[in-house]
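Structure incoming, see below.
All chains are identified by letter, namely A, B, C and D, in their written order; residue positions are counted from 1 within each chain.
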Amino acid sequence: MRYEVEVEGHDHIFEIVINEDRVILVDGEEVAIDFTDLQAPGLYSLLVDGESFDAMIEHQDAQWNVLLRGHLYEVHITDERTRRLHARAKMLADDSGEAKITAPMPGRVVAVPVEPGQAIAKGDNVIILESMKMENELKSPRDGTVERVNVKAGDNVEQHAVLVVIA
Amino acid sequence: MRYEVEVEGHDHIFEIVINEDRVILVDGEEVAIDFTDLQAPGLYSLLVDGESFDAMIEHQDAQWNVLLRGHLYEVHITDERTRRLHARAKMLADDSGEAKITAPMPGRVVAVPVEPGQAIAKGDNVIILESMKMENELKSPRDGTVERVNVKAGDNVEQHAVLVVIA
Amino acid sequence: MAETPTLFRKVLVANRGEIAVRVIRACRELGLQTVAVYSDADRNAMHVRYATEAYHIGPSIPAQSYLVMDKILDVALKTGADAIHPGYGFLSERAAFARACADEGIAFIGPNADSIEKMGDKITARYTMQSAGVPVVPGTDSKDVLSDEDLRAAAEQVTFPLLIKATAGGGGKGMRRVHSMAECDGALASARREATAAFGDGNVYLEKLIEGARHIEIQVLGDMHGSVIHLGERECSIQRRHQKLLEECPSPFVDEQLRAQMGAMAVRAAEAVNYVNAGTVECLVDKDKNFYFLEMNTRLQVEHPVTEMVTNMDIVKEQIRVARGRPLSRTQDQIEMNGWAMECRINAEDPYNNFLPSTGTITSLTLPSGPGVRVDTGVVEGDAITAYYDPMIAKLIVSGDTRGEVILRMRRALSEYRIMGLKTNIPFHLALLDSLRFQAGQFDTTFVEERFSMEPSEEDAQKLRPEIAAILAALASHRMRQQAAQVVGRNERDVSNWKLVARADKMRRY
Amino acid sequence: MAETPTLFRKVLVANRGEIAVRVIRACRELGLQTVAVYSDADRNAMHVRYATEAYHIGPSIPAQSYLVMDKILDVALKTGADAIHPGYGFLSERAAFARACADEGIAFIGPNADSIEKMGDKITARYTMQSAGVPVVPGTDSKDVLSDEDLRAAAEQVTFPLLIKATAGGGGKGMRRVHSMAECDGALASARREATAAFGDGNVYLEKLIEGARHIEIQVLGDMHGSVIHLGERECSIQRRHQKLLEECPSPFVDEQLRAQMGAMAVRAAEAVNYVNAGTVECLVDKDKNFYFLEMNTRLQVEHPVTEMVTNMDIVKEQIRVARGRPLSRTQDQIEMNGWAMECRINAEDPYNNFLPSTGTITSLTLPSGPGVRVDTGVVEGDAITAYYDPMIAKLIVSGDTRGEVILRMRRALSEYRIMGLKTNIPFHLALLDSLRFQAGQFDTTFVEERFSMEPSEEDAQKLRPEIAAILAALASHRMRQQAAQVVGRNERDVSNWKLVARADKMRRY
């Protein structure tokens, strides 16, 4: 099986081929590995040429988070075909699709300092959400216009609820 | 559901009726309880009239081991009919059925100080088994005669293997 | 003031989480019975299971359970508890609660209601301290309730930058930093809102923002026989949004002379309110080692363990001792500080995503252990972390001979700590320990927010291993596909294999 | 003798389990890289995961992996390790291994080969100690290999009761207590068999059995500059079949004077063999406080942590320090003993069934934590405990101000320790701590076998709660039936519910 693996923030794309149990190909080079998953779901042990790595790994679809030696690596895995499709889709969507501001946790909306139609800049506060007794400011991920506001001050919201949509 | 519960070594038999969630009958008396099982299989929390008990429970068939506040209770649970049958079977079997000496863990047989036909007393050594680098003496649970010896010195045995049968 | 020693038999712990467990442990080690109280969310919590008795007191929302005095007093009376330990937060600094306990003949393991009152209102506390000759941070000097208009006027006099603080405050709630008049209105509104939510009291006052200041506090202990001693300082400048994240004892900034001065000041402050039991005098210390009284926390402090490790005194046991009317077990002369200790607060929050709180179920948990490592926690595997309570799920405390040894040991312990199922700030602590300024002890209260980043330094970036991360992700992904294929390919799984079940379960959760 | 300090960069740990983890932790805290070695059974073990590098060295049987010098030296040379820490057991007391390390230019973190040799052969050690004026237990005085006939003859002179001991011995292996000539032959045969299996050497000798004696040992440390110091004693009389189960520091039986005498004797013993690094002089102490040299363990001792807690010295870091050629960090004058510490060895064995070893997979694990609690362990949840290795899976170490506080704290910690999936001796330790004789410090090495029972005392029996056990079992049984019915009654389980999966899994395992 051939994987294209992109490690974000480090400008690295690796081509990794996994066929045998103990030897994989990384950008064409053979690498001796010993990979096991531990009882705890998400905990793995990897030996690479004897070097020992203990990692916590979780994923959502093609997005993988690898916590290794205190650093978080965000990793995208695709096979080649999927990768091309994604690249194109991303190009089309960038700065033109909708951006949804969702509730990162359950909480109560304290204030909504924006209203539909309003132009906003990246980093502007769009929602103030109280959770665990603290106010948390949710900011716009990019420039745009407020397309929809689904909540008002005082509302209790569930995790992942879409609060505001930026167009 | 009605259970007859015998706690060994304490000469207690309780009749316990469980129908509702929060109230059970113990020997006819209502007892308020709150019983939950924790994530770890075998770990339970019980509140009885507010008193808090944290227990480790495991069982094999009708034999339950309850480890509670540092003490092990051996508990037999039966419904009434089963209990009567068992009592009768036990009466018939006592001191007359076979007693099997089994390997409590994998190991190597070091010596077999008994042979078939030999009369032995309760507490006599019947097998010396080496495991984890120590010799362990397995003793006869009662008086009787050695009926069968299934192993010889030097044999490697699996856990639960029947080593000697006492008749 | 002297009272006959009272023998406690049973202590009710009016709290939850790690501090309830901490108090129950101390009681068990003193042979005392314990009574836990719990909300809906906490039926299976450690504090319920470790206590001798446990009683349900209502829904998960604190306002309907842990904050309801009557419910807790009812349990105490019903169970015949001789004493109540309030922990920190919740009812710990409510004078009315201390008073209600006293009225019912139940010992409140903490200061008397008067001391709480005098220190609880931050404005009154400022006055009391000024009268006792304790230096306070310059700020609004009125004892009256201040309107927004009053505050705007006062702001000009206090001069910017300044802090808005809640009169009933504590824990950074209702606190806002303001740099100019333009920011004033918004900050006032938001501070009052947060203060109202947290304390049911929206009143605020102003304090000059002392720039480059450290937050250093002194632990004090008083008994009913008039003795007050201090146990030295704690360095608490590592904060984010006024929430402490890492504390240490001693402070790398404090020398013997400053310790003696601050200690004497703290004892004076405590004596000014006839203080009994454990308390903490929080101070700001500026670059020139001038110190200012900020507030006194009239309760056990979250970070008390670092003082315990260095002074070798069990502060909770000492609290129980003095609440029984006995004299403090040591005099000031007998307090020695040996070695170094550090505490990392382990919070359920995502350091890679603006420290947003993270909720979920702890699917797997490995505690660090070995020499010099202490964990004070209130959660075990399988526990759910909800939005009802504080996101702090544990305190990792490390001690050793020197600050250097402790930093290396903390790094080791953090890297052994494995919490699966939700995000924690462990990567933040690791990054902090790697920062050269932290290692050199060069930081103030603004350090984390203004001069710290989760991005590795250039030097540390050299040590990154993106290829290993890529290999790990690819292998994990590959294995998951294989296992999914296996499971789908069977009509019936081999149910005797617990690992397979765990794996199948894992896969579904992704 | 003095050598230039060597900077270590990388240490190979030639061991497994808790002691390998202990050494790796110390190395990490010193900024040293670590190399682990592992057998088939240990691929996922903590020591493999916590080390910087890890190499497979063969099958699970120690004779084909952890005991094979060449395999370990190969890994050291391949990885460029500067030093090897042998832990305890395995190769730690093989003079040939220490010598082979030296020949390859690798520092052996332990004494030199000559010291090991002189102390390793127990007969030679007796002679050496007698020459140095150290009192030894009366016994056979021949240096020759003794036949069964020789030994029977010598037995008459030594007089019964006596002990048969393995010449190459240690850890109680090949040791037998003999009360009369009639028992002699059987005991000799079985002792020789066990000694051959454990050491590859079936030679034995005889020692008078000192009745009512305590097993008390002195920790010593030596450096390459000729300094030898002692860190006081450890009380190790709580044993079963010559296996220590619980150790404490200090000993309730030792006063300042005896400590000084035994300490001086231990230093003399170490100096007699030019001892460098950490070692332990084991003694018997009779009722009248006469003490006799038993043997010297030329390695780190299992129970070293109790000394660490009381002297506040990290013995493993000190071992690395002196192996680098540096002087000891403290002189004898600087050694202070403060407070009390106790260690319970947590073994996978069934105290209710003649302490038979228990194997299996750890399905769930909760470590005790909080103030004064240290756990040194080599296993985590999911690990399999096999019959290949020692049944000791962890050491629970507790420290506090007084022996009384420590006993109560240990009770508290033991009751928090939850290991599911196999039997452990935790109930034994709890019962021991409850015994009045133990609490009073009145015990000798025969206490556990001859005067202790797992049955509760009459007083403790009053506290038993058979009705609660009955209720618990009935409720657990009832719930299991209900859940079984639920699962069977559905075509498809709700797979998003992880608790249900865990329960279903649990049920199948029963």
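Convention: contacts are C-beta pairs under 8 Å (C-beta built on N, C-alpha and C of every residue); 3 or more make two chains touch, one makes a residue touch a chain.
Just so you know, these numbers come straight off a predicted model, no measurement behind them.
The greatest centre-to-centre gap from chain D, using C-alpha centroids, is found for A.
Interface comparison, A-C versus B-C: the higher count of C-beta contacts falls to A-C. One inter-chain figure worth recording: chain A and chain C are separated by 31 Å, centre to centre, where each centre is the mean of the chain's CA atoms.
Distance between chain A and chain D, defined via averaged C-alpha coordinates, is recorded as 48 Å. Mean C-alpha position of chain C lies 38 Å from that of chain D.
Within chain A, residues 39-40 each touch two or more of the remaining chains. Within chain C, the positions touching two or more other chains are listed as 50, 363-364, 366, 380-382, 499, 502, 505, 509. The full set of touching chain pairs reads A-C, A-D, B-C, B-D, C-D.
Listing the residues of chain C that touch chain A in their complex gives 173, 190, 193-194, 197-198, 241, 352-354, 356-359, 363-364, 366, 387-391, 414-415, 418, 420, 426-427, 430-431, 434, 456, 464-479, 481, 499, 502-503, 505-506, 509-510.
Chain contact summary for the complex, chain A toward chain D: residues 34, 36, 38-40, 45, 47, 50-52, 54. Chain D makes touch with chain C in their complex at residues 21-22, 25-26, 28-31, 50, 305, 308, 312, 314, 338-339, 361, 363-364, 366-367, 369-377, 380-382, 401, 405, 408-409, 411-412, 416, 495-496, 498-499, 501-502, 504-505, 508-509. Taken together, the chain B residues at the contact with chain D in this complex read 1, 3, 5, 7, 10, 12, 14, 16, 18, 24, 26, 31, 33, 35, 37, 39-44, 46, 48, 53, 55-60, 64, 66-73, 75, 77, 104-107, 110, 128, 130-136, 139, 159.
On the side of chain C, the complex with chain B involves touching residues 36, 43-44, 48-56, 79, 380-383.
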